[in-house]
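Data block below; observations after.
Each chain gets a letter, A, B, C and D, in the order it is written, and its residues are counted from 1.
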Amino acid sequence: MSKNSPLIKIKIQNEDFDVSDEIKILHQNNTGAIVNFIGVVRGYDEKNNQIINSMTLEHYPGMTESEIEKIVFESFQRWELTGVTVIHRIGNLKPSDQIVFVGVSSKHRQNAFDGCNFIMDWLKTKAPFWKVEENNNKKNWVNFNENDNKALKKWQ
Amino acid sequence: MSKNSPLIKIKIQNEDFDVSDEIKILHQNNTGAIVNFIGVVRGYDEKNNQIINSMTLEHYPGMTESEIEKIVFESFQRWELTGVTVIHRIGNLKPSDQIVFVGVSSKHRQNAFDGCNFIMDWLKTKAPFWKVEENNNKKNWVNFNENDNKALKKWQ
Amino acid sequence: MIIKYFSWIKEHVGKSEEQIELPDHINNVNELINYLNEIDKKYSLIFEKKQLIKIAVNKTYSSFDTNISNNDEIAFFPPVTGG
Amino acid sequence: MIIKYFSWIKEHVGKSEEQIELPDHINNVNELINYLNEIDKKYSLIFEKKQLIKIAVNKTYSSFDTNISNNDEIAFFPPVTGG
């Protein structure tokens, strides 16, 4: 890997990830700023007012990766970034488990903030993942949040 | 610590920090979203076109902590946040060493992004730290970046 | 043609994937949906609110008037909820 | 009164801190700077571009017309460069 080539890593996996390890990968020479988003399973569903025992994430293999690649490439078009890592877990997860990591490195901090925010907003509306919450014997497919469509407006 | 009380941690220290450990602290019940900024020592000064061997960070003990507290409290006034951690290192650092960690947790991802971005922008202009870059026998006090003042405008 | 279903749509159909022989007169996604509705009532339940359904043809977001052929993979799923 | 200096200002003054007895007729930061300039030329070099200097009185950002007394801690430093 040459000093200036952008570092791109996209992973869909069952296993947990270690944020420190991912940040070390994004520590390229002369990077300066790294912004990360980490999504965590909540233990309580406030809309439906009930405890969440666990959650299962399913996805569309192949399409997921290609949709995330499109979003990541678009982020490199818009900002000067030195690296992007996207890790999204699938399978059964428990409250407080990590779900998603989006890490963006840049020489300039605002680029890293904007790039990370942009990738998360698009991932939320385009990457084909679906969450089902499990509470005792009930399954509840999570509804799409209309606010996620509104969030995209800031990138137009 | 009760389930809903905000978690605030502010540290000025010589030692390195572990981002995974800090994120675990920000993993409060029902948090959902965590955004972190990590600042890293660059190995090359592009403005002056020279290699940086090391950097020393000095600060104003007492005032640093109180300025960061003011910024963190302001972030809680502006957004619904569940936790904020600010760690800033002092002393001698080498290229690719971590300098600063700002971690913000919230139930809503945009609040976490905005809170973290806000804290970094204000920390850059208000927290009394000064960097001196060392290259062989030369010392070069880093100049304030006027772009950091401009960055504040988005919060007005 | 392979048809894939995800999330609650998969549960309504009772399978995650099925292979069908696409009749010659069916040229786009809309026509496929009408054809499926004729075969089995379970499909009409899914497609009655078409605005809630997302479509991918060969793993790319597509629309109801996207052309399809027997070699394509088509997927029906609700709006995504990852992240 | 304690006066603190940081960064390149500290190096110009040659110390990070000094204690002075504030004369009665000095009531604000501006007057203190004029007083220091009279004592020693090294100060005038620092304060000749006052717009580059930040001031804290008792660890709080302050301005050139902030009132001061002999019990205060005052600090002079360049714009900050942390983060």
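Simple rule for what comes next: contacts are C-beta pairs under 8 Å (C-beta built on N, C-alpha and C of every residue); 3 or more make two chains touch, one makes a residue touch a chain.
Quick caveat: nothing in here was measured; it's all calculated off a predicted structure.
Chains that touch both subunit A and subunit D are the following: B.
If you average the CA atoms of subunit C and of subunit D, the two centres end up 74 Å from each other. For the pair subunit A and subunit B, the distance between C-alpha centroids works out to 22 Å.
Rounded to a whole number, the gap between the C-alpha centres of subunit B and subunit D is 27 angstrom.
Residues of subunit B in contact with at least two other chains: 39, 120. You'll find the chains touch as A-B, A-C, B-D.
Touching subunit D in their complex are the following residues of subunit B: 39, 57-60, 62-63, 66, 88, 99-100, 120, 123-132, 141-145. Listing the residues of subunit D that touch subunit B in their complex gives 4, 6-8, 56, 59-61, 75, 77-83. For subunit B in complex with subunit A, the residues that touch the partner chain are 18-21, 23, 27, 29-40, 42-44, 46, 95-96, 107, 109-110, 112-113, 116-117, 120, 151.
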